[in-house]
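Sharing a structure below in structure tokens format, with a few things to ask.
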């Protein structure tokens, strides 16, 4: 079965900014979805901020294997309830790919537990992404580096937790560097942050970027069933202990009590 | 200068449960503070849930190097504003030591970005903590293992991010295991979770536990000044780029604009 | 194409010890190979210490996707040249699964760069393996724990590098714990250490152990081509620098020189 | 007591190359030792390839807290026996700081278990080191970046194990990037690799480089006693098991046997 992928787009600048609209007349989310749909292992659809529940109903998320997130102008408009719902699905095993300005999205900050801040400069400068971890699944099919001739600069220090693995590091013409492709695991969910994608440049039309996105969806996909027990904190009854023990000492809790949260 | 440490205690069961009151007549927070104050490198004071701002005013946190957190019965009573304030100080470099049932505290879940759930059983069983990482600063002065004759069981899978380092793993009489001492870094702040400390047992009177707490305070302390810039996302002007570049292409932002959050 | 897997067995105790011979009349390597061959995604063959080049010719290793290693009595008999050959293939992308007493094999110590020592006790005691990382590919299809009624004890501290991920932790009846399933990446090669498998017990006839081995082969397999460039340290000519630069200052090396090793 | 530090220098190019001799008339090792000796917490002496046992007798290593290693032209001249002796001391808790071309030293490759290869170009180009991990002890007192106007380029992919923490990433004028400051722990020993230091440039006269070296010595120092047990693989007698157990099943080993290595 194909990997059921939802590309979430904020879809604001495409509607309000002529430059962005001219580069992404169908919206960035549709451009991305189309690119990854070219791989037969993936079935991608889209969702946007403006839809009811931002297009992320509980039922839809339940049937989503990997979620791709692009947002920028109005992170605050995403409902806290939806953010929590997405976080829970990530813990249960849904993959999450956060793009570019999504570093400041509520969902990314929620899962990282850090400010996720960085330096930036919008000057259309050259970015060169180096593969730090050759043969990592997310770098499959890439040369040792690839170039985006015009991109926004993001500079370190990027205040995220030390990653599981670093896949890409970017060189910028103006003198900065950035960890442009990094991975984490949270609960049963694989998370990948990919830096490029400023909306005034044609980044999501780039063939190497397409390769990274396809690879990342496959890497993030956890084919095992949902880990719904991850939210539980079960009280194991004494008589069900793996090894026989005799209860001793004073107690706070009654048998079968749920415990405090 | 001594390491300015605040021991935060929920201070509920000491007031309402006879068993707990008899073991910790001065409150768990005072027992812990007294224990670590025996080391001349540490100056510990206490704060509790019941104080104004839970004893954690902005001014006090600013002068705190390491915060120790014990809570259990009423995590929900901690004000979200205070939680956020503590998180910000951790990112700036304040050390944080989370004890036992603090795994479900708002501040720990906030910084981990995961459910932080686990199995449990209150049967007064034997726990043996093994030093997995000998000569780690937090294990200084300990034997290869130490025993707590009566403790609550916490069992894996503990849903926290893969740690920076694993220091202790516990063996439980009833058949479970648990990563009982694990570290992370978030921003400039060092975080240590230490499992033991159920309130109906005299764990915080144990000499080995005292050693771990003293070691952990020293390890968590970041003697460098506060990293207050960690909250910033500066827009680097083109003319201040480290290497001279010429601005190209279309732009979203005006010069000097703050960017979206 | 199926994952080409070689199960390497030392094959000594099966020939010299009656107990081992009675449990594994075909040799442990054949028992393991047969078990994983039951999965259609895997094609497993065997190699042993006694064969020319220990069954690990350069040609055969070139066509091997994943190597499983079991050795115990005579680690020293493995030729250093073969060890180096295997290490190079791991760096190029061959997966490696090291079993039980293989912790002291030359190849494992070579790739870890640490003593790889541990405590042990041969008493046929009960081992319970807990899944620390649910939904990790190597734990697919397992319950939250599984038991081996008779196993040799291995106890911490296990002197290996901090792993990429911890998948299993074992509880032993006699009071010890051990990180029984841990992963690393070295070059392009995925490495998994799996603790159980003492030769005087029927561990490799256990259905849960079979699941772990099948899962581990699939996880360790890197489907991308061999990273043969990993051994190179190329001198990038100034005129081929990604950005135009002018050579400055004094030099040690002549243009095109290979550099020192 | 001051941190007893030994600065090991290959000391070849200083004797044979006029440029290097003119920059480091006292030898690079003496320049480095002098720089770090300016901090009262450190007592540094030197050792060179040409001395008996390369200046690294067992007695001297026993009294060494931190070893700094610079080599380039003749890594092969370092005796294997001395390499093994140094590795053992690192596992026991001696800190190790490997500089620049030391990436190909026998001791670094021994401890990493990987090729430790990289790209390079000797063109005197500009290197800018960015602090990725602000308030890490090794970055204490540094600005957000610092520049070395003339350095050799080292480019990724650097084939080392995923580090514990990344402290610096370098930007190079010619378009490459490199993880220039990375840490690992092996046994009880802290290891830091620091990239700059090509012998035809005055890198070790740079004030920021001095700061990094001083910081790194303090970070690498493990004040706890030597972990000499790290080489042991003790057979725990059944009657000394932490929990009482009864021996069961067949055995390979006699009571008290040392086990195979």
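Here the chain labels run A, B, C and D in written order, and each chain numbers its own residues starting at 1.
The rule is simple: a residue touches a chain if its C-beta (ideal position, glycine included) is under 8 Å from a C-beta of that chain, and two chains touch if they have at least 3 such contacts.
Everything numeric in this text was worked out from a predicted model, so none of it was measured.
A.B. asks: I want to confirm something about chain A and chain B. Since they are copies of the same sequence, is their interface symmetric in residue numbering (over half shared, so same) or not (under half, so different)?
C.D. replies: Here the answer is same, because the shared fraction of interface numbers exceeds one half.
A.B. asks: Taking each chain's centre as the mean of its CA atoms, which one is farthest from the centre of chain C?
C.D. replies: Most distant chain from chain C: B.
A.B. asks: Averaged over CA atoms, how far is the centre of chain B from the centre of chain C? Could you give it in whole Å?
C.D. replies: Chain centroid spacing, chain B to chain C, equals 36 Å.
A.B. asks: Where the CA atoms of chain C average out and where those of chain D average out, how many Å apart are those spots?
C.D. replies: 27
A.B. asks: Could you put a whole-Å number on the gap between the CA centroids of chain A and chain C?
C.D. replies: Using C-alpha averages as centres, the distance is 31 Å.
A.B. asks: Specify, in ascending order, the residues of chain B that touch 2 or more different other chains.
C.D. replies: 128, 133-134, 155, 162, 164-165, 171, 173, 175-176, 185, 230, 242-243
A.B. asks: Under the stated contact criterion, what part of chain D meets chain C in this complex?
C.D. replies: On the chain D side, the touching residues are 13, 17, 19-20, 72-76, 87, 91, 101, 104, 110-115, 117-125, 150, 153, 155, 159, 161-162, 164, 173-176, 184-187, 198-201, 230-238, 241-243, 245-253, 259-261.
A.B. asks: Where on chain C is chain B touching in the complex?
C.D. replies: Residue positions touching the partner: 128, 130-134, 144, 155-158, 162, 165-166, 169-172, 175-177, 179.
A.B. asks: Going by the contact rule at the top, pick out the chain A residues touching chain C in the complex.
C.D. replies: Where chain A meets chain C, its residues are 93, 128, 133-135, 137, 140, 145, 147, 164-165, 171, 173, 185, 188, 222, 224, 227, 229-230, 242-243.
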